[in-house]
């Protein structure tokens, strides 16, 4: 016979916590079994509590308490919690054992396999879903993973926690939930200061510099936002509207240039694209962002027919240094012609620069079209991103960025990737399946003929 | 040696589709291998395409095409697609086989179990995530599941598709992503007409009736919304602010009553709570909604100290009919006393009503506190909801709803459930773990003494 | 020597009122000279107080008190106040006398004339400006004038108060301060119910009828709003997008019709335009509204080339009755031909209707093009509005509205006025300066030849 | 007989202008009488056109054309137009003559006086109302007056144009039409950069400085906005929430200070209040702004009981220099004691500063409480503002601002004005009617006894 209880009644066992309300903010006061106020439990215990029955009734309050406790704990305690996630919040061994037994009993049963899938879900996935109940929970989880990423090298066991984060974030930050927003000079300062902080390609020096990228008629900036992270762009792209495809970056960033009417522009240049949340590493936004911005611009400004990037080549100088040492990527003649690179200040010496132009472009063509890394991929990370999106390597720009950084990473080389909506899929497929690199004739022309032994 | 390709170039294999743009809306034109325009493929083929490499490059367009094709297909084709989801988009057998072998090689390895979890994920989960890329994709998936639910009885194999929907929706519609919004007379009509349509407890007859529930100073309505479903409340609750706990519903719904100042109210009555999306069945919102509305009201109107429902008892009349037939729930004396229930119009005959009051309340106490269904649960579904949330059964109201429907389902009985923030967890835990039912003394007093044989 | 006062100190004279704060709402407590709490003064005294020094310091509180007291007073007291405005709040006689003397001293001095202008401003203008400080003050003033208009006939002295209202409202409700808003099915219900209430041309029966005018793809509705009257459209126009210029209204209002794609429409039909605020009588919005809506539609839907109304002819039947009695507008032949109009139900008798068509259109042409009222203006008020806006009378539609009301006011006649942006100014100027009426050839063709004596 | 015209028809007289549409922007093409395209007319002719019949039909386009032409004209042409406003757009002499004759015919007739008021309205008032039809017209008129103010000294005839601007702006920018907005770190950058630019009291050096005034929990900023000037605060006030009334400004502006919880503050300090629009000179906002902010803060933070300023004393040093020269404001003893003021750097010499404290505070008390300017008003402009609002001079702060500017304008003196809601009206009335200055005992204690000859 079930029993009925009278309410209110004193708790027989003492509650583990009471909810207190202080100016609309729920707090928890922890009690021991005898009802005495006590210190809060450790983070792993709180996580167990959140996964328990009690977590069902008081999920929001408990989730908030755990999030707060984690963020206020010192670094050692936080790492301890992350390690506990790896060790103690994996799949439930009992449930997995039963599911495996069922499979052995019915080999090939789809039901059994699907039951196993459910049984083998690490408990931390449900924990993360419950932590998300806390106000600000999504942002807190993203920060938690950011912290975890910093410990990965020394604690490879955390990798399995990371992959649960990655799985969940891929679902929560699905493109279908993101909102594209125009970022301009009417955007709240709280967001704009993040644009300044997160710009990863061409640093924004100050607010005047920022205004120069947002306010002129021939500049645009777009970002993806998630409804739960209102002040945080997840990724943003800066766009210049120009008459022709640019080959150097300095004029684009010049605050004193004269803007053109947006109606007069024929080309949109994606000159900077920056991810902002390290905690969302591996969730891919850039691909969708560029394509949606292309749609936006085509609809707003039908005169724009060409969509290109002006991109850095961050891996070129390092690769070239090695290739000049040895290997069969470059031949001796080219190696000799590249000698002047070692002379400091060559880029301000017109003769030296002129002499280097062709050899460097040839080397660059090799770098993009022939070189592969240990995994067989294109060497340049920016190239992998744009080619993987279905863009095509359109032009190599000698002296495109002669800032100190530009010289250091790529001997001043910049490139344009072209987004041609009609070719994007074919390029993507060829790149992904057959490692074929889409490149214009103009680029391929720089490629030296293959020596007999290189021929496939 | 990898190859480079020149862009643009004619496709060697013929593209399966082109993207067309018609007034900003991407369309697909399907082609066969020879490049000839052709009819679009079937829904399952489109789903395979969306899961393929090509889906990576053109996910948004393909997802939209599949969503549109599904919604425009006839019912038979749609069912065929749902069955294909069950049969052909389960876990990848090869990957599962490898993962199982790895487990046998390393019994007890957590890595192996977690790898198995990943391998055993049904392919339709990724398919649903990709479908969500389509504009309106989330809503389309919710509708797709709603349709699927209608086929479950005749096609039990769909149950596994349903559980993937349920898993995904529980993650996407996590409370952390929902927004509580006040619904009032300034709310857009497009939302208000859905309130009229979805109200499940006390039907809203027309717009005047609706205004009477939203505009007066002593009425409130709140709903949860998801950022992707802007015009669709997921669940909403209607609240009356009153001086005391009400025992009948008619005065609450009377359009001619005189409203009171919200400041003068001491009690908030949740007199109607309605879920709206059949496609989100099993994703629990009501619990969170009531608790958050309690917080909102406490902060806006500190004079309100009592939070109760005025609830129907939908299972009572059916249960009572059976109990009067036989079984040991009611004794003979009570059965005799309940006879006048069979006399039509008893509720308008003061003597008959008076004679029935006590017997009916006694039977109701048995119904709530002793009766259990085949699964051992409280019989009444509304009771299960509120008691499961941690509320307490506070009062039984004889003649609370003497409308035709009220008489039919519960002989006019209504009840109040009390949400006492300080008791919610204990009540929930007792109910969930030990099937204990929280009830006030006033309710328990109606319970007949147990006969010797019933004593535990 | 000026004196300094110490603060706080007891008031020497007793304050006339204290400000109290009750839940954020300022109240006034009135005191007599001895500081005793007393009844509030009469409305005119409060108005004097608001115009005094004290009104400078406590304008907001006093304005609110006066607005509230006016609205809570009974009708007699309110009329008394309006009459006091006329009698006691006109120009300051002393200031006017001085200004007149200055003009006599310096005849023709522009300075003296401008000083006189200032001196002769009725004091109620400043009173109205100060009343506007009250929360909701603008709306209260509009209601106050609405009430005043109802008393004008019996109290012609109020006319001068009315003209001050009109002057002020023309300035405050200047087109430059109005906001055009699209009204659709996402508009708040609080605004939509006003659309239902204020529709003056083709009554909206219920919310379904309203939805039929807002939601279909080929319907639009626009209104002007003032920032201070957020829930109140000042004027709104309902628009149907059609393939061709319509000649009857019933198909436009039919809830069962099949909407067309907005992109397919070539014509925009303004089929109803309604002012909402009687208190803003004489402030002209309609002219601006139609022209701005034309701009909006041209920009949104470039396929739309024709902008017309489908308008009632409210003065036609009354004028025709008189013209059939006597006078020289109609000749005997026409009078005879119009006889069947007296036969009830002629419009459902095809022969009778056919016989009446030409005579009625001829009479209508005379009505529009030759008839004038006592002031020499076009007789029809709707015609005066559209022709005054620069529209042209494009077509006469026999049997355009055979509802009871349509038959009664115009024997079923409706007309189209054409807004041709290229002709609007010339039409307006010809109409305003030379009473020339812009009409199409098709309309003029119905006009009978002038008899010799009529020739100019 | 009136004539009818057929539409379309060629204009008989040649239109003065055509409307062209270029990407949604109406342009005008001017034509001469023969229909030939010609140069646009001068600004005064355009103004006459706007006031004509044609202006009724094409007000928006003509207003825009005139606004644009004015802003694109050179300075000489613009001044010429302003002078034409003064000379040629005053009252209509004919109408005034008639109205004067009517008054002589009926001396004392209120109707006649009110008719005269109307007749004597300068024509430029209607011109300004029509200019306001242009998109951005309100802002353009405010700029036009700002320019006019710069010419007033050399062209005193413009004063009458200015008074028409002032009259109109007082009506349009009536407090009832202004919106109070919280300005914080989520405010659009386009508004924030204006806060930086317009801050008139304590300059904001850069965006970090701005953030320090907006983002901390114990800082607030509020501004009044007009619906037509969305990006332009009209006036704003910066507020610090503190435990006690501050006596020096440097700690308030220190970016490194530790903020306190807003809940812990008992005092709100208005430390800077800035008007932004020179073109709105004479339209008073500050009074209303401070009072409404007091209401806002009282409602948000009930712990705040004290509302004070920390204000500069901009007229003190200049007045003191004169008073030390001669006159009877200071006696010889005080003059002698003030000598060390002439020693540069006295404020960093503790002994000198200590010696000066009392004499300077005595002189300051005389400055505030006894000194009057030529018009009999308090000398200090900031004092006139706050005392006129009904505040009380609460405290004199020796060394409150020892910046170079603070020393120069007031020998480092700052003061607190107290806004005590219960005393505001009495203070205002005493100040406005009897020049009584509300001051605390603490301030009055510094006042030297009156010498016999000074006694009233």
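A, B, C and D label the chains in the order they appear, each numbered from 1.
In the analysis below, a residue touches a chain if its C-beta (ideal position, glycine included) is under 8 Å from a C-beta of that chain, and two chains touch if they have at least 3 such contacts.
Which protein is which chain? UniProt says A, B, C, D = MCD, Malonyl-CoA decarboxylase MCD.
Note that the structure is a prediction, hence the values are computed from the model and not measured.
Fewest steps needed to get from subunit A to subunit C, stepping only to touching chains, is 2. The set of chains touching subunit C and also touching subunit D is empty. Seen as a C-alpha superposition, subunit A sits on subunit B after a turn of 180°, to the nearest 5. Of all residue numbers used where subunit A meets subunit D, over half belong to both copies. The two sides are thus made of the same residues. At the far end from subunit A, in terms of centres built from Cα atoms, lies C. As a whole-number value, the distance joining the C-alpha centres of subunit A and subunit B reads 35 Å. Here the CA centre of subunit B is 50 Å from the CA centre of subunit C.
Spacing of subunit B relative to subunit D, judged by their CA centroids, is 58 angstrom.
Counting only residues that touch two or more partner chains, subunit D has none.
Inter-chain contacts, as defined above, occur between A-B, A-D, B-C, C-D.
Residues of subunit C that touch subunit B in their complex: 23, 185-190, 192-193, 206-207, 211, 231, 263.
If you check the complex, the residues on subunit D that touch subunit C are 1-8, 11, 15, 18-19, 21, 24, 53-54, 56-60, 90-91, 93, 96, 100, 103, 108, 110-111, 113-114, 116-118, 120-122, 129, 132-134, 137-138, 160, 163, 168, 170-172, 174-177, 179, 227-228, 288, 291, 295, 298-299, 369-370, 372, 376, 389-390, 392, 418, 420-430, 432-441, 444, 447, 454-456.
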